[in-house]
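What follows is a set of structures for review.
Note that subunit A is present in both complexes that follow, paired respectively with subunit B and with subunit C.
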Partner chain A sequence: MISPRMASGMQEKQYTPSLLSFFIYNPKFGPREGEEEKKILFYHPSEVEKNEKIRNVGLCEAIVQFTRTFCPRKPAKSLHTQKNRQFFLEPEENFWMVMVVRNPMIEKPNKDGKPPTVEYQEEELLDSVYGAVLQQCYSMYKIFNSTFNRAVETGGVELLIQKLEKFFYRYLQTIHLQSCDLLDVFGGISFLPLDKMTYLKIQSFVNKVEENLSLVKYTAFLYNDQLIWSGLEQDDMRILYKYLTTSLFPRHSEPELAGRDSPLRPEVMGNLLHYGRFLTGPATLKDPDAKFRFPKIFVNTEDRSEELHLIVYKAMSAAVCFMINASVELTREFCEQMDALVGPQLTLLASDICEQYNINRRISGPEKEPQFKFIYFNHMNLAEKSTIHMRKTAGASLSSVHPDLMKILGDINCDFARVDEDEEIIVKAMTDYWVVGKKSDQRELYVILNQKNANLIEVNDEVKRLCSTQFNNIFFLD
Partner chain B sequence: ESENEYYLELTENPVQFENASSVNNVFFDEANKQVFAVRSGGATGVVVKGPDDKSSVAFRMEDKGEVKCIKFSLGNKILALCYCIYDKLSISKEDTQCCECRNTKYTKNASVLGFCWTNWNEIVFVTDQGIEFYQVLHDKRTLKMLKSQSINVNWYIYCPEPAVLLLSTTVQGNVLQPFAFKNGTMSKMPKFEIELPMVPKPAKLNLSERDIAVATIYGQLYVVYLKHHSRTTNSSGAEVVLYHLPREGSCKKTHVLKLNTTGKFALNVVDNLVVVHHQSSQTSIIFDIKLKEPDCAVNVHQPVLPARSIHPYKIPLTGFPALLWCFSLNTHLDSSTWSVFQPDIIISASEGYLWYLQVKLQPTVNLLQDKGKLMEFLLRRRDCKMVILSVCSQMLVGGDDKGNLPVVATVFDKLNRVYKEYLEAEQAYSVAMESGSSRFSNSYKRPIRTQAVIDQSDMYTHVLSEFTEKKDVSHKFIIAVLMEYIRSLNQFQITVQHYLYELVIKTLVQHNLFYMLHQFLQYHVLSDSKPLACLLLSLESTYPPAHQLSLDMLKRLSTANDEIVEVLLSKQQVLGALRFVRSVGGHDNVSARKFLDAARQTNDAMLFYTIFRFFEQRNLRLRANPAFNPGEHCEEHVAYFKEVFGEQSLMKPATI
Partner chain C sequence: MAADVHNKGGATWDTAKGGLAAVERMRSDRSDSPTPGLVEGTEPGAGQEHTMFVHAQSFEDLTADSESNPDAELTGNRRSAVGDSEEVQEGQGVELQGGSTGNEAGEQKQWAGQQRGLRPAREEDVTGEAWRAHRKHVFVLSEAGKPIYTRYGTEEALSTIMGVMMALVSFVEAEKNIIRSIHADGYRVVFLHKSPLVLVGVSRSSQSERELSRELQYVYYQIVSLLTLTQLDHVFRHKQNYDLRRLLAGSEHLTDNLLRMLEYDPGLLLNAVTSLPLASVARDALSAGLQVARAKSLVFSILLAGSRLVTLVRKKDQYLHHMDLHLLFNLVGSSSSFREGEGWTPICLPKFNTAGFFHAHISYLEPASNLCLILVSTDREDFFNLSDCRRRFLERLRRRSAYKALQEALHSPTYPVSQVGIPELWHFVYKSKSSGLYTSPELPVPYQGEEEHERLIRLYRYLHSCLHHPTRPLRSMYRSGNTENLFAWATSGFELYLCFSPLGTKALAMSAVTKLLKWIRKEEDRLFILNPLTY
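== the complex of A and B ==
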């Protein structure tokens, strides 16, 4: 977990933030003396001694109770200490999730064989970022398992404990705390810019498939990890998108890149060639023993809660999620029918989009070195765009700018969150960088400029220029 | 066979004339579509009945023997007659007394086959030895020969539009020689040979005029040949072979219509369809030469629809008024009292009726299952609009049966292709008109809007608005259909009308599908317009993001800056509104009062101060004086400013 990084001083060692512990408890499950252990539903790392678990949980309980007296409606969200920071979340009544993150630190060696001095960087972590990471943990659990309460209702606390164990054991390994940043706060969706006609063709495709395979209740369409269409409601799509782009797609793209098991060999259906294949469910339909089991997801948990099979089908760079009522048992016949119907059409559509995509790229110029480094987010449709981050790889998206600058962005974001009105903040960073944050209605834009000796007016003009070129089709107060 | 399966019918109001009898000879002129009833050789009257009252006349003439042929020139100007016995010709002017121009110029020993008018004063005679083309010098009452051509003629067919005469030559009769007439000129077109099913030995006349017709189909002239089934060849039945006769160049065999049966046939051309009547089955079939058969070789056609009889026509029988006499045309096809003329005429000389044959489109809807093919067929018909719209409605009400959507898509694409062609022609026309060059103004005719042009308003009024109201259709299907229509319009680059977007939005809002709406707007599927932006604004209370969407749209329109200011002011974003006005460079012209009013309403004194100061500075810059002009009506706000901030806070006029 500790990944040392060499800093400027030869022997200095820098440690990035890391996960110390993560636990979930419900104080109602063990209210009496001696029953404290019952409160604990999940504890990571599991090898921690029982009494210490109880102690840590008790401490959190006490902090939450204590701070509640100051502000009953807004319970404590985090606790800052020298060595670490604790984040609290009550996603469902009386269910608490706690994440303890160790502050980043610098280890300075001492002469004469003395033990090294450790300097904790207490102010480096942003509450908003890690609070969002914790919230994401819950949302991700919920989309695959429904709510905590529902597990208790159907199978008692035992079932909930089982589910938590099964889910978080794997999930916690996939979160990369050192690379969390502003994008985690937004939890946005990257949309593929597309011309109207191609978009309408996709609409037409989705409608025709849904009509033909009436079992399909919702459909989502993505290209190159970017969303084009979602039949799911926004909040559900947000978390499903996160799962697809950070977990499912990277897992499948790796073998593709490595050229193993050559999934790119086209299937031939009649006289139609197609590249379609299932990313969830059976690896190949040819296998006579193939199991037709798909992951299940829970959506609309707020009101009616629907349980759905998640079929993810991909042809070239186009991926489609088909969601089907979980009470229906999916058969080989159905999958074959879907493969035959969707495969050729999706292959054709994917090459159409690819063509459009390349045209757009040619117009907007080479992608390699964007003129501006910026992050854009729109709260209304969760649209997010970053020229700062590299393409998402398994688990994390890496930013290309210094963490100090990312922290400034995070700070500006916190300032914006405090007030409703439109604002603009311009920061001169220690290096030659200028950081500009703009908030207009529900949109936020963060720009990083590297111009030596630029003054405030020049920076302001530069941002205006960016807005008029990149965002000329939306209403952005200047 | 139910009532609604007859797709052919006879006109309801036939032309009636005195039926043929021993004393009354009946003639028909295809050029003017006139029926001549000649009583007693004309002595007791000639009654001419045309398609309308104007072309109907009656007169008397001297009986000079049995009439062989009688025709008016165009516009009823001159009457020409040809008698059987004497081979003499008589030409007379309407309403004037018969004035015979005995013609001596016939080739000796030639026998006259007939004549035809090619213009109001030009006539061509056909004899068995050639043709002679004359101009009638009306005042001198003589004929002036314009041209003649010697050629052995078996029989002839004349097609008045576009004035082409077809002569059967050679012993077998199967080499056809066409001549074209235009403004006093006669030009010989390349001759061509009709392929006969078998060659008789010894050679004899083997091609009858009964098996040949000339007709204009889709604007092109065709020689239509009814090729009978021959026992020697392995053909599956009789065929109709179409030879295309172009204005320039030679005649080519282009289409083969498979009749799939044998027997006696007759032909009509109605609404660009070739109608073939079959005697023994008493049924008719139709062919559309533009309908591509996927399974057949190029230009081999099968009947569009299954064979059906013509809708029975009821004639009240004279003398027996209580009885209605039903009959089917085809039983009488072979009888001498029944005649079929091109393109769409059927005459019963014995009953004294002339009908036009018509195609009824409604019954075809149920007979042609393939909706795409049906649409193509309908789009090429004359009175197709309402039938097409009813097919669309029916297809949608059929609901969300599996696989319906692809059919809907195909149908929309077919409709919009025709719609787009019309729009393009219309646009090309208006461009040509605007450019004003007289050179082109003659060559550009305003494009004719046929019934096949189904525009958005037609679809909206007759199909979509009603369909979206249907309670028993799932909203998913409704939205899919609307999107499909919009997709199709976009595919043909047709600007989508605002009311269609409104329909989409209304449907989405009705079912709380705001996120879907949001995505459509995000991808500009619903194109920007002021009305749409206003519609979005009105949705803000139920769906807050609509506000942002609306402002974005107004911004993109770039002609809606005033609206943006109003929206911002209504949200009390006074400063934002002012900054926006400044960014688009309109701050020198905006009304100060409007902004000060809005600032006052916020009850934010500092905001009011800021706005007030801004306009003082503007005044100073524009007029070198910070005070407001009386015309700006800001007195009330000046007073308020003084009251709150004191008189000394007002900007001082610049001292020069």
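== the complex of A and C ==
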């Protein structure tokens, strides 16, 4: 695909969307004139001059207030301008989060030393995608810090400001705005399908651990970035899953791949060799000075709000999260006990699942470029499946299709989101790719077909075939 | 890449795009059914010789800030510059060109609707739920933040909110940026700053930002058509916080009516007009009649039946933009006063030239019929000449058999979709791109109520906006849901929108498309204007 701008020869520079600013304010904290600065709880980039910060927050307040004229209960969610888009979120009453994203742009050089012409591409960003990214920012803050209000209750505005500073300073660096797409809208979880026998083995393993280590309150079991079992509420698991798969796991390479002298080499417990190790907490139990501190997470913040230690333990491709009430102090003895109990069993389980996994892969056929790629999402259990995206790397997930096609998927998704009815949409893009979207009973399926000479009827048949082979138990509107 | 597409001819309804040599647009070359290689100018409904309209490629053409037709140089008369010393006479309406009011016999120098008085009282509680619930609000204000127009409620009651709108616009502009729109759950607010006016639309439908912005452009041009841009600029240059309502008093119903047209007339969406179905022999005779009844200053002769075009004859090399034509339709359709005699009104056709006025002679040919003749002249002293043109046209017409055919056609200005012979096909809109004309059957039962009619147009609008997406346009789109199945297809020659029963299958839809295109080809003599004439 040659885009016209590449063909035109001149040296043009293309800029992807980027984060211009990100701020959090509460209009109640500085209601009087001259006190506007007090409203601002966090502002990135921090070096922006004070008056400009106040001006930008003022604009957001004005926009929100203005839209209340037309709908008092549903104020603005985004503002489109020529150069950028601003996204607004009020996750807790009077707390506003604002993310400003610059539109992608093309810089065209001018002759005779004139400054280059900048052309903003105003139709490239999808509101649904970046609205979801902003919501994710809040959810991620909340799972590690609990709510904004809670921080204010415990340590006043100063504590909240400290927490925001500490969290968002790092978190904002991990957002890859140019690779956000439909998957961010879904925020789904990829589940690993297993046969009954293996699944029961995992369940009995979880039961046994919870029985022996009674401190463990919740457990989640993952294999190869896919979830198998979770005791958490869906919404908490969805954000924990996001953290694990896009942040924690990519930071830890597999021990099987580590060299002989690596500190990650397998532990020998008695006669049994196992590959278990802690991904959170101490790097190794052998270190006499090891600290047994684990990250804390907050779940069920809607009602009773629980604070928990998050222990992530991994053996080969299998990872287990154990969550323990944070009021309990975790000791070396407890960790050694857990390591001894979980390590060997998890190593065995991991190789069992691995076998299953490989069988499944063989059944699904040889790995050649298929005629179609798809994304599936189920709103009820958050199950998501994509053959469009490559393996997730730290922060970004790479899509293997042209960005314009991904945006067409996003457009279709917006149409689906508007009405609560079953619907099907089939479009043919200018590049002659076919894109099919189906929505049925809380499930959505998007297929991209690379059969340029097919007609609508053939495309329909192809998608039917796909539905019967990949989703044989799921009914889709014909 | 393009060559690649051509070679793979397998698809049954793939169109070749571009690259083909110009095709002789001779009758003998017109194929009986659309073929994959159909190009612009040979699609069903394409005119034989020249097109009647400025050819808009797509609606982006409209949204682009283009200057009016650069090669449309006419007489010096068009450039009726406003003298700097001239004071605008408030309440006097349109008398904007120097000196005399020239109140000759029959002249109607005022807005078509002014005689009818102001629009009915529109007192509404602008903080109330009912006011908020309107599906689409439109506001027009000056750069000083002064209210000029609101669709619902009164301008006075809304002056604060309009002040806020202006503040938002200027705040963003101060950062060398431009505010486009605000989006919230269930509605969006779109801003359009076309100096010296600011237009704001608030829509509760799923209408795209671009479509809404395009409708605001229409409103902008509606206002320009009454005053000319030169006059608008002049007024605000002299007095920044001038209350433009004083100049526009009595014209609000034109904007009201335009906004209603935008809700239900697919022509404004497609940049096209539809014609009265009429045998081509009769239509050609009418065109010839208009061609003969010419005057030196005459630029366009337009014969309308309601909102349908019967024929249009134009001066050689002068094209009428469909947007200007819609503004003329709106002027005629908004007012009953033209029924009372021969009307004479200045009108600026902003797509032609935003600086000057044309003068339109508007009259109904017979008291009870909706046949309306519009004669557009460049000379404001030309009333009697044009009145004479009308008389000559009528005299000639009454002696011909075409007159009878026309009378009959007026009794059946539409056709039922059942004529096509596809039971599952409920409705369609077909636009021939090169002629700028569209055809569409009457609305079937499920869509006859106002609410359902507008819903169908909204569905078409949605399809249209997907096909014409500025950065990721589509060739075709099929959408099936609980209430109907829809199919839209754009080629270089035509655009087609179909609405099927929800029980119809995709295979059926595909065969229906082929059958429908054949039918349109067969009926094109009647449904389209194939032989437009010039003076």
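Keep this in mind: the second predicted complex is superposed on the first by the 454 of 478 C-alpha atoms of A that agree within 3 Å, B and C clash if a C-alpha of one lies under 4 Å from a C-alpha of the other, contacts with A are read in each partner's own complex, and residues count from 1 in each chain.
The criterion applied here is as follows: a residue touches a chain if its C-beta (ideal position, glycine included) is under 8 Å from a C-beta of that chain, and two chains touch if they have at least 3 such contacts.
None of these values were measured; they are calculated from a predicted model.
Engineer: Taking subunit A as the common reference for superposition, should the pair subunit B and subunit C be classed as clashing or as fitting?
Structural biologist: fit
Engineer: Given the touch rule stated above, what does A:Asp422 touch, subunit B (first), subunit C (second), both, or neither?
Structural biologist: both
Engineer: With both structures fitted on chain A, tell me whether subunit B or subunit C touches more of subunit A's residues.
Structural biologist: The partner with more contacted residues on subunit A is C.
Engineer: Kindly classify A:Phe66 by the partners it touches after superposition: subunit B alone (first), subunit C alone (second), both, or neither?
Structural biologist: second
Engineer: So, does A:Ser190 touch the first partner subunit B, the second partner subunit C, both, or neither?
Structural biologist: Neither partner.
Engineer: Thinking of the overlay built on chain A, is A:Asn413 touched by subunit B (first), by subunit C (second), by both, or by neither?
Structural biologist: Touch partners of A:Asn413: none, neither subunit B nor subunit C.
Engineer: Does the superposition put A:Asp432 against subunit B (first), subunit C (second), both, or neither?
Structural biologist: After superposition on chain A, A:Asp432 lies in contact with subunit C alone.
Engineer: Least CA distance subunit B-subunit C after superposition, rounded to whole Å?
Structural biologist: 6
Engineer: Once the two structures are fitted together, what part of subunit A is touched by subunit B and by subunit C alike?
Structural biologist: 422, 477
Engineer: Where on subunit B does subunit A make contact in their complex?
Structural biologist: 400, 402-406, 409, 476-477, 479-480, 483-484, 486-487, 490-491, 515-516, 518-519, 522-525, 545, 547-549, 551-552, 554-556, 564, 573, 576, 579-580, 583
Engineer: If we count contacts the way the header does, which residues on subunit A are in touch with subunit C in the complex?
Structural biologist: Contacts found on subunit A: 1-2, 59, 62-63, 66-67, 69-71, 74-84, 121-124, 127, 404, 407-408, 411, 415, 418-419, 421-430, 432, 452-457, 460, 477.
Engineer: In the complex of these two chains, what residues of subunit A are touching subunit B?
Structural biologist: Against subunit B, the touching part of subunit A is residues 191, 194, 196-197, 199-201, 203-204, 207-208, 210-212, 214, 229-231, 233-234, 378, 380-381, 383, 422, 441-443, 473-475, 477-478.
Engineer: Write out the stretch or stretches of subunit C touching subunit A in their complex.
Structural biologist: Residues 1, 5, 8, 10-14, 132, 137, 161, 164-165, 167-168, 171-172, 177-187, 189, 202, 206, 209, 462, 466, 469-482, 506-507, 509-510.
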